[in-house]
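In the two complexes that follow, chain A is the common piece, with chain B as its partner first and chain C second.
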Partner chain A sequence: MNQFNFRPLFRYEDAFIEGILTTLKLAFQAGAAGLILGLVCALLLGRGNRAINLIIRSYIELIRNTPPVIQIFIIFFVFPTIGVRLPPFEASVVALTLYFGAFVTEIVRSGLASIPRSQLEAGHCLGITNLQVFLHVVMLPALRNIYPSLTSQFILLLLGTSVASFISTEELFHTAAFVDSRTFRSFEVYALISAIYVSLVIAFRLFFFAFGKLAFRWPTAR
Partner chain B sequence: MRSFGSIDLLSFTTAFQYTVLLVIMALALGAPLALGFATMRISRFLPVRLLAAIVLQIMQGIPLLALLMFVYFGLPVFLGIRMPPLMAVVIAYTIYTAVFLGEIWRGGIEAIKRTQWEAGASLGISKLQQFRHVIAPQAFRIALPASVGFLVQLIKGTSLAAIVGFIELTRAGQLSAAATLQPLLVYSIIAAIYFAICFPLTLLSRKLEVRLHGSR
Partner chain C sequence: MALVEIKGLRKSFKDLEVLKGVSLTVEKGDIVALIGRSGSGKSTLLRCINGLEETQGGTIEVGERQISAKMAGLREYRQRVGIVFQQFNLFPHMNVEKNVTLAPVLTGKVSKAEARKLAEECLAKVGMLEKINAWPEQLSGGQQQRVAIARCLAMAPELMLFDEVTSALDPELVGEVLKVMEDMARQGMTMVLVTHEMSFARNVASKVVFMHQGKIWEEGTPEAVFGDPQTPELRAFISSTHH
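Our next item is the complex of A and B:
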């Protein structure tokens, strides 16, 4: 039985902080871009154009049924062969955006489907513009319905950013592997970053919970 | 450098068997644990419920990669034992399966109304029999689509075992791509194999879900 010894890790405090920041940056950038991508795809799916539907559906199924590692590999190793050369961080952002976007599309689509037609008609009866109907009568209630799934998908994305270390993006997990190779304190290193990930997840959960309570205060009929 | 040939395809086949083995082992060992977690979460005793909730919350906040490295490198060093790679990887995936499947199954069990338990009790059968004959069959139907969905996630997740050098499909792909310098071909094949396994399961999960909601 070994002794716990976290002391050797203290020297790498800056590296860990740098790693956390990169992980957060990855999650935020991919999260924001993926959200937009998902929204656009979900709205396009609703238009009923056969060709566009086919493209978006294949995109979703391809992404959802292959491992993210392979997707990152393809973007990092295969794209250069067709002339698109991306540094590790950017490649990770692109891969995670595509990944997150596919899940967001499905979530937003189900959210839009959860709004009954009658509600739309009720909106039109108020004599407001189409855009106002879309924003206030369709989009906001839909967003409220899907808020829990969206936020937990973001949490999964946050954990999923660790996969970016496969192509040597210097995020938290990569930092851990680096410090491990320097100090040989495997147990302590991975216990530490597990604790960091768990704290991040709990912090985001609390934030999303509080934000949801604040943002969706209006009462519902249900 | 060598060109891509039948030897690569052969190595994919062998590696694929390890991917399948990993999935089967994780399910076989993780499912009983998941059932344990699920029953702990609905236990009558608050401390048991609380303990299970805390453990599950924490485990769900750890990335699979960190879990893998922790079990593979951390535990043996800490305990001062040698652990065969397959065992370490299987332990990590067992924990992963137990945690996520446990939450899914808890949801299924909780979806069954209290009155069903009471109906069982009024027949004079024991708590265990109530669960076995009244609750479990209904909960199973409700939790099945999500469980199949998790199976897809697990299959995709086995790709991460590549990080510890465990030769499953993704690792075999990495090695082959490095040797042949043909990442496009190699990763397309690997992606296609995963897709061929996962897509039918996704469709099945969706179909089960439609059937479940249709019968309501």
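Our next item is the complex of A and C:
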């Protein structure tokens, strides 16, 4: 057997960096859009309109019970037949947003449910508006309660961006497959991108930890 | 003209009728103590006055204005009525100052710059000034409850509602909260309070109202209600409160 040799990979440095940037862009864009989508869905679910609830519930069940790769295929290959034609990167963002948003909906819902009714009443009794009650009374404690699951879900999204390679979005995993096909250094290539993914996850976890410490400083009973 | 005028108030939760035609008048400056067994509808009555519950009959007038949970202007009305609950319900993620100034700032009663001074004034009234920067979780129950009262005072209410505000407190902490309420009474605040502290009702209230099975069973001055109860239900209730 030949020795491990990372040297042939060096000339693809730029491609790897491009891949990392695209992966991060996917995660950030789908993360931000999915967060908003999830928040809106969770708030709509709370309003108790039958038809809207049915639509949102179906969406969540659909996403949670099908493989992400099929979701991205449908958006890239099937949507054009109904006239929605997206380039790979955009299609990936849409698919990942829908994917992330479904999980965020459930997480946000549990966060809203974790705030006791008495807190809302105390807010309303002070004569402030519903929006003010949400923004000032509910939001931060709810966010604190769901922070661990929300950040974990984002990490899953970050790793899950690799499905975008199936529709030839040139993110990190796609780059790896490309370099592998050129160098035949499978072990080295996948060892390298594994290390990159792990480093990204560690970096995000550290950031989330530090941010959480800063944002949620109030002492809690439990 | 009375500050609060309740006539024939009816309130049900599904099939359960909880208030069965309650009529009550509260004059400005009155201290009305609501007493009665658990489940007799005392909390529900307070919640109706504050527009927290929809009612099924009768009327509530406060300051000559019809009150309901669905009325326009409910928010402005609530800015003039303070309510304090058994469980304090401070906002855990805000320090004491922020808890007190949140509503005055958001409703535009004071500017952000004046807020600190307002917090200091209100906290001084309840003896909590030195805890202005503390988190609620760092305070004892009695201290939290006094902050909750200061939070109401910051809105300069015309009427204060108290729902068993000392019931969740350790016995040694009850006194500090009652003292604050006594001070407020002496300053002329109109108050309606649900309480199990019979000596407080006897000594501070201008009117004592005994509720039983969703009705006002008996009412009068503390002397009359405690000294000369007219119904066996009230007599039984009073003797059950002496241990």
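Here is the rule we go by: the second predicted complex is superposed on the first by the 219 of 222 C-alpha atoms of A that agree within 3 Å, B and C clash if a C-alpha of one lies under 4 Å from a C-alpha of the other, contacts with A are read in each partner's own complex, and residues count from 1 in each chain.
We adopt the following convention: contacts are C-beta pairs under 8 Å (C-beta built on N, C-alpha and C of every residue); 3 or more make two chains touch, one makes a residue touch a chain.
What you see is a predicted model, and the numbers here were worked out from it, not measured in a lab.
Once the two complexes are laid over each other on the shared chain, residue contacts for A:R144 go to chain C alone; chain B is not touched. In the superposition on chain A, A:G38 makes contact with neither chain B nor chain C. Contacts of A:T129 after superposition: chain C is touched, whereas chain B is not reached.
By the touch criterion defined above, A:E121 reaches chain C but does not reach chain B. In the superposed model, more residues of chain A are touched by B than by the other of chain B and chain C.
Within the superposed three-chain model, A:T220 lies in touch with chain C and out of touch with chain B [touch as defined at top]. In the superposition on chain A, A:G101 makes contact with neither chain B nor chain C. Within the complex, the chain C residues that touch chain A are 50, 52, 75-80, 82-83, 85, 87, 89-95, 102-103, 106-107, 135, 137-138, 151, 155. By the touch criterion stated above, chain A contacts chain C in their complex at residues 118-119, 121-129, 132, 136-137, 140-141, 144, 216, 218-221.
The touching residues of chain A, when paired with chain B in their complex, are 1-2, 61-62, 64-71, 73-74, 77-78, 81, 159-160, 162-163, 165-166, 173, 176-177, 180, 184, 186-191, 193-194, 197-198, 200-202.
Within the complex, the chain B residues that touch chain A are 57-58, 60-67, 69-70, 73-75, 77-80, 152, 156-157, 159-160, 162-163, 170, 173-174, 177, 183-184, 187-188, 190-191, 194-195, 198-199, 202.
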